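The next part holds the structures, each set out as structure tokens.
Each of the two complexes below includes chain A, the first together with chain B, the second together with chain C.
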Partner chain A sequence: MAIQLSKDKIDEAINTIIEYGGDGIQRCVQCGACSSVCPGVQAGFPVLCRLLIKKLQDGLLEDIIEEQSSWGCQNCNRCTEVCPQGVRPQEVVIAFRRYQANELAFSTSTVSAQMQLHDIGHAVFTEAGELREGVGLPGKAPTSAYNEKAQEEIQAILDNSPMAELGLF
Partner chain B sequence: MAKVGVYVCHCGSNIAGVIDVEAVRAFAETLPDVVVSRKDLFMCSDSGQELIKQDIKDGVVDRVVVAACTPRTHEPIFRGVCESAGLNKYLFEMANIRDQSSWVHPQDPSGATEKAKMVVSSAVGKAARLKPLEDKFVDVTQKAMVVGGGVGGIFSALELANMGYKTYLVEKDPSIGGVMAQLDKTFPTNDCSACILTPVMVEAGSHPNIELMTYSEIDDVEGFIGNYNVKVRRKQTYIDWKKCTGCGACVDVCPGKAPDKFDAGLSKRSAAYIHFPQAVPKKAVVDMDSCLNCAGRKIGSEPKTSKKTGEPMYAPCEKACPADAVDRSINYNPEGEIVEVDVGTIVVATGYKVMEKDCFKELAPQHSNVMTALQLERLISATGPTGGKLLKPSNNEKPKTINFVSCVGSRDVNHHTYCSRVCCMYMIKQARLLKEKYPDLDIYMHFIDVRTAGKDYDEYYTGARRMGINFLKGKVGSIQTLDDDKMRVVAYDMEHGENVEIESDMVILATAIEQTESAKGLAQKLGLQFDGSGFFKEMHPKLGPVETATQGIYLAGCCQGPKDIPDTVSQAKGAAAAAAVPLAQGKVKIEPIISEVHAEKCSGCGICVPLCPYSAISMKTFADRPRAEIDITQCKGCGVCTATCPSAAIVLHGYEEEQIMAQIAALTS
Partner chain C sequence: MENYGLFLGCNIPFKAPDIEQSFRKALPALGIGLEDLEGASCCPAWGTAPSFDKPTWCAVSGRNITLAEDRGIDLVTGCNSCYGILSEAKHFMDAHPELKKKANELLAHAGREYKGTSEIYHVSQVLHEMVGPEKIKQNIKYDLEGLKVAVQPGCHQLWPSDAYKIKEDNPYEPTQLRELAEALGASAPHYSRLSSCCGMGGMRTADVEKSLGLFAEKMRSIIEELDPDIIVTTCSSCFLQFDMSQPILQERGLIPKSVPVFYYTQLLALAMGFDPKEVAAISKTPREDIIKEIQSEKRLVKEVA
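And then the complex of A and B:
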């Protein structure tokens, strides 16, 4: 089925991305330098940087709302370094991710990471007490994971941030 | 007994990388007539040249053979060396051991070395028999002609005129201006085409050294560099241009109608018309094919008498003209008038035409909302059919969606393989102009590649992306007609890897730039050649971009290949500079390597006459019998006559029989 291009859909996609911080999207000339250096693309996430931007330029915002590739971006920012047109592709990817998040279209792995962030202040956390004691460090690291007061502060911040509107916590 | 010196060049690794130069030098020493044989890293360098000069001055040699690269680039240098050392420069011969040995046999060094020896041996054989020759000179008519009154022709004419040479500017249309006058705005500055062109047109029109010959065509050209006689046909205007003031009164009343060529066929003009509002010269013309002969006033007839009033009945144009320039009683000659002018050099700047959309059946050419880019140019021009408003031809309503299709007929083996060079830029220009004027307009541009190579051009293109113009990589394969008003554009989005379909109100085709239809006839009259793309062929694609194979004829603008305005103007000024050189010198050199008829041997058979590609041979009567005679100014030294003459009566100087036979003997012994 061929893509039906329409002004309304293109405008919506471009404006959404610009609103979420990807204002370089209209500068992209589809050279593909960003994708060539992208570790996410190398890891098998095809719709990153170039192709993601292309799909958005074609107005396919809603159509790719479930796309998982954007969550493969590691924020390494190599794309921004190599982009010859000043697009800042990473910002486009993150802008699209913001759009996805606001539509609650993120991957399950991301949900659990966000909830853990809310609970203990770490998106990813492993209990390393024994290992730490083995090398002579205190078992409980001085982080929010063992500090209720700090956890409350983090929860207060997150509850008052736009993140809370997503209804995850 | 000739004393031949042989000088073998290493040419860096070009020759020495393959050929054993010392072996060739040593072999040359053994050849008959050779008195000295030397080698140098670069014979064309100062030290190499000095070797030759010293041997000539010392009286060691009186014939010079240089075994090196090619006579195409280096023969003049070594001839100059001989001349500066006091030797006749035609006693020099070149052995081309680079092009003919090292470059073509890089895999076989010993074979290449043997071949180089033979090439040297052949050159020595000829050199030993060379005879001194003298250059000839003829005077030059210090006037120039420029054919074509577009922006290229105008600038060539202005340059020549400002240098002080009387210049004839010949233009087939009633006004100068060419295609540039039809354009709305020009990239990448978006300045108004007419605003920048009109002052230049006026300057050309009023320049004391420029004689405008508009509504004229080249009928015939005779002669050679410095001495061209051109017959110019001034087409019949049916209006006395000496009296016409360009007021347009006849245009307003004329009921005859024809498609307006200036508006790319989008509107109609009357039979009596002025080419365009800023025309130079601003004079009216009657197009007899669409003239209705109002009141029975055929050209050359006396007015009928009205039965009611008894007064003579005149045509509306005659009655309207306040300057008495329209008089249909005159029996005009429809062939016009032949004007003969003598000029020294000619610049050809005949421009281009755009391909018609009808050639592209898959792109719905019959649909009125599918138009060529030149038509859109007129549509968005303030002097165009809608006064600059973008309206669909089908119903005069504003379109919501426009698609631009690139490479229509260009980069296409079915039509033209070349890139038309300006389409990307003018499509982006049109899209930007429209987007500025109508921000709601939805614009899609389909490209194979975007080619925006000029100064400030790529910035213009990336700017267009930022304006929200949609670029798609992938050529449109088909346009489907949905109804009288809408079309579906079917393309492939290569970057996306998917088919795309777009409903569109208008489609603009960037049709190819191609050579004009009249170019073929002009080429025959001027002795011009065509390149593989059908444009006029320059002498050398890099080093002779404005010269042609015919001396004294120069090229400028799109007749030599697609070009934008900056490149056309640059080339036009370059062509003018080249065309002024013979005029400034006041005389032109005729190389003596041309043919001569020995009348006492000529049997008068006339075989040579039709064979000469330059029409240089004619039959003249000597002692009551016809004999061939060669015009030295026309002869190019090709040797066809020499090879053909059954009586061996024609000698090609510099390639005489004895010299050629010596070469053959050297190669076959």
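And then the complex of A and C:
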């Protein structure tokens, strides 16, 4: 069955992607250069680069909201480097991911990373005092993890950001 | 001595502090002073703020950059993810005043303002450009002659090249890390998947099997084409993938052997004679034998103090 393209759906998809930072989407001519160098596509996440852009250009934004390929993107920007149209495909991919994230269509396993970023300023953290002292460093790294003022600053930024509205922290 | 603000990120201080120690030992001995950026946070990692809102990403990155701006110095990091994220945030803010304004509105809540006065460098660029292979050669105590190295520069110091202060002539055929390895006396030949992705990062979180599949292809290319003594990388994420996933591939019979892996400054610090218990102490893929080999009597370069 042929896909029925609807102008309203196309406009909504394109405008959403532009709003989330993927403003190059309209310049894509579907040449496929990006997909040919994409490690995500190579590893088996099919809806990245050219194909993701195609679906969005066809207005299939909501239809692919659960698509997991965007989360396999390495943000490596090989696609950005090769695109002859200056699309910055990685920006389109991550703009789509932002749409998904803001609709809470992402893995719940990432929530703890958002909470840790908010609470101590680190997405990845393990108490590493012994490990550090073992190699001759002070147990406490000079980062926000052990710095109350830094933590307050980070919270002030995140609490006033759109992320705060999602109830992640 | 030229001073840089050392941006640690998350992986290096909490998972691989021996890499941090190798920066702190090797760089000052080569004339690069390191100042701690007290209170620096996560870059923020791709899976966090950048996946939700661009201005929020730029504000958190921007806050980290202001720590260097406050001191009037440039920033150096050894984590490719941090390098990519901070460089891209800076690139976008400097090119788009309205984005910079939005980021600064968020930063104002933290009493800060991003100005754009500090540059972002990677440790490998500082070693390659500011120190240079010649000076490295003059400062090594143990010569790595006869050892073969497979290099892994990592995605986030190659692309997008427009965001980076120092670039390779051709990011698909990178040579800087090969030259840095050769400065230690080792050989560092090209191999077909040199610039391929190792599968770490978002991909590993999203689907570990797909990530391991990509990594296995890379490892087979390395072993079949080079059969190297050592793998060396300047990306802490790549380091973790090569270190923690080789035992898994070996157990599944997907690679015939494992290859010892080092972050470049660990190899450099060992060649300079620093204590392996400080600069190369933590790994899952065994590397004790090659460390002994590197710091053996026969490799001692007599004329260096």
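For this structure, a couple of remarks:
One rule holds for everything that comes next: the second predicted complex is superposed on the first by the 167 of 169 C-alpha atoms of A that agree within 3 Å, B and C clash if a C-alpha of one lies under 4 Å from a C-alpha of the other, contacts with A are read in each partner's own complex, and residues count from 1 in each chain.
As a working rule, contacts are C-beta pairs under 8 Å (C-beta built on N, C-alpha and C of every residue); 3 or more make two chains touch, one makes a residue touch a chain.
Nothing here was measured: the structure is a model prediction, and the numbers come from that model.
After superposition onto chain A, the modelled positions of chain B and chain C are compatible, with room for both.
Once the two complexes are laid over each other on the shared chain, residue contacts for A:58 go to chain B alone; chain C is not touched.
With both structures placed on the common chain, the touch criterion links A:131 to chain C but leaves chain B unconnected.
In the superposition on chain A, A:5 makes contact with chain B only, not with chain C. For the combined arrangement built by superposing the two complexes, chain A sits at the apex of an angle of 100 degrees to chain B and chain C, based on C-alpha centres and given in steps of 10. Touched residues of chain A, counted separately for chain B and chain C, are more numerous for C.
Of the two partner chains placed by superposition, only chain C is touched by A:40; chain B is not. Once chain A of one complex is fitted onto chain A of the other, the partner contacts of A:27 are limited to chain B, with no touch recorded for chain C. Once both structures are fitted on chain A, no C-alpha atom of chain B lies closer than 22 Å to one of chain C. Common to the chain B and chain C interfaces on chain A is no residue. Residues of chain A that touch chain C in their complex: 20-21, 39-40, 42-45, 68, 71-78, 80-81, 88, 90, 94, 97-98, 101-102, 106-107, 109-110, 113-114, 117, 121-126, 128, 131-132, 134-137, 141-145, 147, 149-150, 152-154, 156-163, 166. In the complex of the two chains, the chain C residues touching chain A come out as 8, 10-11, 13-15, 17-18, 20-21, 24, 36-42, 44-56, 59-60, 63, 84, 106-107, 109-112, 155-156, 159-161, 171, 196-197, 199, 201-203, 205-207, 210-211, 213-214, 277-279, 281-282. On chain B, the positions that touch chain A within their shared complex are 400-401, 442, 444, 450, 462, 465-468, 470-471, 473, 490, 493, 495-496, 498-503. Across the complex, chain B is touched by residues 2-7, 10-11, 14, 26-30, 50-51, 54-55, 57-58, 85 of chain A.
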